[in-house]
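What follows are several structures.
The same subunit A turns up in both complexes below, where it pairs with subunit B and then with subunit C.
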Partner chain A sequence: MKRVVHWWTEERRAYLLLVLPAVAVYWAVMAFPTVFSFILSLTNYNGGPIFNNPNIQLVGFTHYVRMLNDPYFWISLKNNGLIMAVSVFGQIPLGFLFAYVIHRKLVKFGDFFQTIIYLPCVISTIIVGRLWQSFFSPYGPFTEFMQKLQPGWENELFFDPHLAILPVLFVILWMYTGTYMIIFLANLQKIDPALIEAARIDGATEWQVLVRIMLPALSGVIVTACILAISGSLKSFDLLYAMTGGNPARRTSVLALYMYDNAFRHSPKYPLANAISVFMVLLSFVLILMVRFTEAKFGGRE
Partner chain B sequence: MLKKSTLMLLVLLLVASVFVPATFAEEPVKITVLNYFDLTSPGAERELNEVWYEFSIRNPHIIVEREDLFLEPFHQKTEAYAAADRLPDVIYMWPGGRSTSLHTLGLVKDLRPLLGDDAQYYQEAVLAPQAGGYLAELPQTMTSSHALYVNLSLLDSLGLSMPTTYEELVAMVPVLQANGLDTILMGAQDDWVIQSCLFSMIVGRLVGDDKLNEILAGEAKFTDPEFVGALEFYAQMYEDGVLHRKIMQTSYAEVNGLFATGRAPFLVDGDWKVSNFLTDQTTGEALIPVDKQDEFAMTIFPAVPGEINHASSSGVVGVGFGMSSKLEAGSAKEAAAWELIKWLQGPEVQKMRLETAGTIPSRVDVVSDQLEPLVIERIRYYEDILVTTEVLDNIFEGEVYTPINIGLQEIGLGFATPMEVAERTQEAFDDWFARQ
Partner chain C sequence: MKDQRIKATDFHPALRAFVYLMVIVFAMLTLYPLFWLFISSLKTNTEFQLNLLGWPRNPTFSNYPTAWRLAQFDILFVNSIFFTTVSTLLVIAFSLMAGFAFAKIRSKATTFLHGSFIIGILLTLQSIMVPLFLMAISVGLYDTRLGVLIPYVGMGLPIGIYLCTEFIKSIPDSVVESARIDGASYFRIFASIIAPMAKPVGVTLAILNVSGVWNEFMLINILVSRDALRTLPVGILKFSGALASDHGRQFAALTIGLVPMVVFYLIFRNQITKGVSAGAVKG
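Let's turn to the complex of A and B:
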């Protein structure tokens, strides 16, 4: 007798019912735009209707070649790399350090410092950008302060192509370190104080408590923080846009600004802009996989 | 019986009073508008009340759905609308430049047939064909993209006078430097500023429109000695100390306060900049108060060595409003959109713009007796201009002038030579030209 396999079981129906909405939303807002962006990057689309437009043709990877041959692409990529370095090796260690100092009560007025360090995160990025743009302006307070220290000092921070990004990196460090401090602080509070107390009774130093207990316990959080930092670095746009607009001469541009320039400034080059966005998606995948790999290989156990 | 007939009459009158006005009243028409509007500008409140609110009072059957944006967000939204083929019914536009694709792709209508006999109220020059070869927007003004703003009292206090030649300007530099002042201020952090407000004028003086048209036709090149010479003169301005690299670290808004407070005797910008110095009607405050405005002047850059056009400035017909080509000819929507465009360039609105922003009217029938001294100075400034030449971003496509915009900053910073910038521009032009 042939057995009838019932795939449309109640369990499967329940499973589909629960999963389908999430899949639909994910497809609509994440997967579809990415795939569509990739398809557009292979065409010569230049505005107007997208569907049933006889002028749209596939042109292969022309726009990717054009992107790779553009010196401003490499300047933007380098700046993204610098922002990422500052985020991963600046914001995260500093955020952890501040969280640790406050959590272990190594300074007085911990709540005050916590508020001060977190404050920049709650101010609008555009306001922060404008504020620091005025601060670093050749006619701004920074210049005046430096001229008090060294009469005749000229503010040429933005004129050296290698230094132009430095003020921006400083602001990024100032602005986002508080976020990581809060993340670490919340997770440090989850560690059983008895564990630390026991270690101290057994003669462990503060350093040993930090390295042997705290850091291994937070390795998962550190990975999450790294992923946040990397994705945040790649989508850097608003601060740069408000502070420098990617100038002078595109020397403070980043990939998102470079994409914006090609999509919306002057004559729009949508396929090239889509090629840049596809590159950014691929780059974030690669970087996040690298972080995952590093955590799996060297990370501790929570 | 009498009572019955009276009652019937009353009922009829009542019914008629309800239905007749509805029958004869105009059907409401809704139109969408994308407006370029700086809500922080001194004349913003008057613009809202006297332009948009007044239009809705005068035309109750037209419902205007307006979207106000300014600077980059405006351009970004325009491109997005154009790309999606969903342009608003009425849109703020330039005669070329950033609006070139709207013209050349035919996304907006030719307004000349709608204008008809009303053309007599406009200066002939403003109705000339625009980037797409037709009248895509009805200009509200003529615009000079180059103006030299002068702080006369600052010059006086230093014992200096208005320079008539570039050499005289260069001779002032040591005096100004000794007093801790810059020579020329520019808010050139955005890369369009140098090209539009300074370099287009230099090209007009040293290269001329004929040569530009030859380049546009593919019969001459950006690498020819004339254009490279213009770039070299611009580079020389840094070496002479007339320009300082600081201009590229100064934002477009920051420079207003710097000039008003006397950080340099000269400011180079477009003639529209004057509106930032006028009195804000809501607060009664001005960056340059009315009683000080006589101490400031507007003119053009002094004579440049080797110039072929004397006393020239770069200019275009001004901005205005265009109409989406999707509006059906003869439809109620088209009529409503045209009513709005006519109103926006009507005598009342142009008078208001003249008083609040010093915008030179494109109409011939606009007069006002409420002008601040700097507005009168802006009108007088046009007497200094003997020749008006092209603005580069008005004559060339974006992908051609972008290398110039970036290249001018690179020359100033010493990252590129004039010839390198000329070669890059020619390369971009060749790419564009090959696709035409």
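Let's turn to the complex of A and C:
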């Protein structure tokens, strides 16, 4: 009897009970749906009971082909790409600039500016979306300002399919620059001030300090910021949902919204929505691996 | 001893002016829309149409009670507070428990289990909304409190487990070992030694989770359709969509929705910024 229970030590029992709640919840609602989504994307399941349903059949990659042939898929992907570009080439450099300026005390009231610049990040995206929608709308202040500058200016920001994404990109830039500022600021503060002082005494200019000391010290953080920006830009949903709803003519759609439309608007197309979801997961991992690869190749010194 | 800091005068005046301009413009882009929102919420619809930008001639708070009543803000607040508190407490408890096991109890399963959480840090939550919705329907958790709560706990766990494991690893092994020699069980060690020591990481997690769940919109929007379960973001969007032309009340509703997070932010500013930089991990 004793031999049988030998492996069931107090240590193992404790381990199991301690990890069980977290593992059970996480696997049920995060890991399993990812796998589940992949399986459903290969079937024709479109609602109704999942188990013992004789009508469910494997249909292979049909839905992926349908997705790739849908023009709205490409419009959404392009918008995700634009958001990614604004994040990586807009938010990160601006965030760094603000962090640098505040850390080096180039402006007075750094604390105040830091608080204000980060403020948009704590407000609900829904409220931000509604607020800016009103702000840019024909009855909003933006129209008023533009008409003062240029009498007779017509506000077609939300009607012109080519322009409609611009306010969204602006709001995304405005909203998340603060996050990167906070991240860079926290890491700038970790650099030993004595190191910078020594460099300055040896005659290094501020520019050299920035390029030779600060940027190398932050290279690891910059990689992290890029990964966050890339995965963050695939997450865009709430803001567009509240601000444009993907319109006009679905020109401001993004992948998540495109998936939502296929699943929850009009008649449901769950298999297609699942195919989009799998595509999004794969895309985010591929992009992150690319950043990692670049980091490994060109060396990110921490 | 010279001053450690480089003086601002080391920089070219034109550069400084440019930098000032950038920072001020960016700050104005936040302050002005919020200010405009607030003064517009004090106007009647007639006044709003005649006087788009200016200070209201007859400021009135009458939009607020109407908006509160029509949008059922009491229900929205109760639900938001409920989901935020309960999910935050569970995330902290589960993360500390699992983090303790991962950091201090040797097991072959740790690499795999801990790794699965780390992948989750970068998982795009948006990509699981459809399967999650289908699962909720098939197990009967659609439109229930539990059906919202479980995903909310699940989405907070990856970063929670990462931070807790790292933190508990930094507690010396000898603390656990000597308690073991004294005959304390692992649960005893967890409850009386580890949990009290882990207070700082608990605060960080609370900050990250409160702001995450309070503002969460996507999941609750698809997992719930009953009015009685709506939270602030869902309720505010429904209200402002239905009353898009009723500007004063719409802006009053947005202002009511804004205030709690802004107050929370102004009070816990330092902890929030610390939490954000601690939570910025690439997985």
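As a working rule, the second predicted complex is superposed on the first by the 264 of 302 C-alpha atoms of A that agree within 3 Å, B and C clash if a C-alpha of one lies under 4 Å from a C-alpha of the other, contacts with A are read in each partner's own complex, and residues count from 1 in each chain.
By definition in this document, a residue touches a chain if its C-beta (ideal position, glycine included) is under 8 Å from a C-beta of that chain, and two chains touch if they have at least 3 such contacts.
Since the structure is predicted, the reported quantities are computational estimates derived from the model, not experimental observations.
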Partners on subunit A (subunit B, subunit C) - clash or fit: clash
Partner chain in contact with A:Glu206 - subunit B first, subunit C second, else both or neither: second
Contacts of A:Pro49 with subunit B and subunit C, given as first, second, both or neither: both
Partner chain in contact with A:Trp132 - subunit B first, subunit C second, else both or neither: second
Superposition-derived comparison: subunit B or subunit C, residues of subunit A touched: C
Contacts of A:Val281 with subunit B and subunit C, given as first, second, both or neither: second
Which superposed partner A:Met259 touches (first subunit B, second subunit C, both, neither): second
Which superposed partner A:Tyr270 touches (first subunit B, second subunit C, both, neither): both
First, second, both or neither for A:Trp27, with subunit B first and subunit C second: second
Touched partner set for A:Glu10, first subunit B, second subunit C, both or neither: second
Partner chain(s) touched by A:Pro248 [first = subunit B, second = subunit C, both, neither]: first
Subunit A residues contacted in one complex by subunit B, in the other by subunit C: 49, 134, 139, 260, 263-264, 270
Touching residues on subunit B, where the partner in the complex is subunit A: 72, 75-76, 79-80, 82-83, 85, 98, 100-101, 105, 189-191, 245-246, 248-251, 254, 258, 263, 397-399, 401-402, 406, 409-410, 412-413, 415
In the complex with subunit C, residue positions of subunit A that touch it: 10-12, 14-15, 17-19, 21-23, 25-34, 36-37, 40, 49-51, 94, 97-98, 101, 104-107, 112-127, 130-132, 134-135, 139-141, 144, 174, 177, 179, 182-183, 185-187, 193-194, 196-197, 200, 206, 209, 221, 223-225, 227-228, 231, 234-235, 237-238, 241-242, 255-256, 259-260, 263-264, 270, 273-274, 277-278, 280-281, 284-285, 288
Residues of subunit C touching subunit A in the complex: 2, 4-6, 8, 10-11, 16, 19-20, 22-23, 26-27, 29-34, 36-37, 49, 52-53, 93-95, 97-98, 100-102, 105-107, 109, 113, 116-117, 120, 122-135, 138, 150-151, 153-155, 157-158, 161, 185-187, 190, 211, 214-215, 217-218, 222, 232-234, 236-237, 240, 247, 250-251, 254, 257-258, 261-262, 264-266, 269, 272-274, 276-277, 280-283
Touching residues on subunit A, where the partner in the complex is subunit B: 47-49, 72, 133-134, 136-139, 155-159, 161, 244-245, 247-250, 260, 263-270
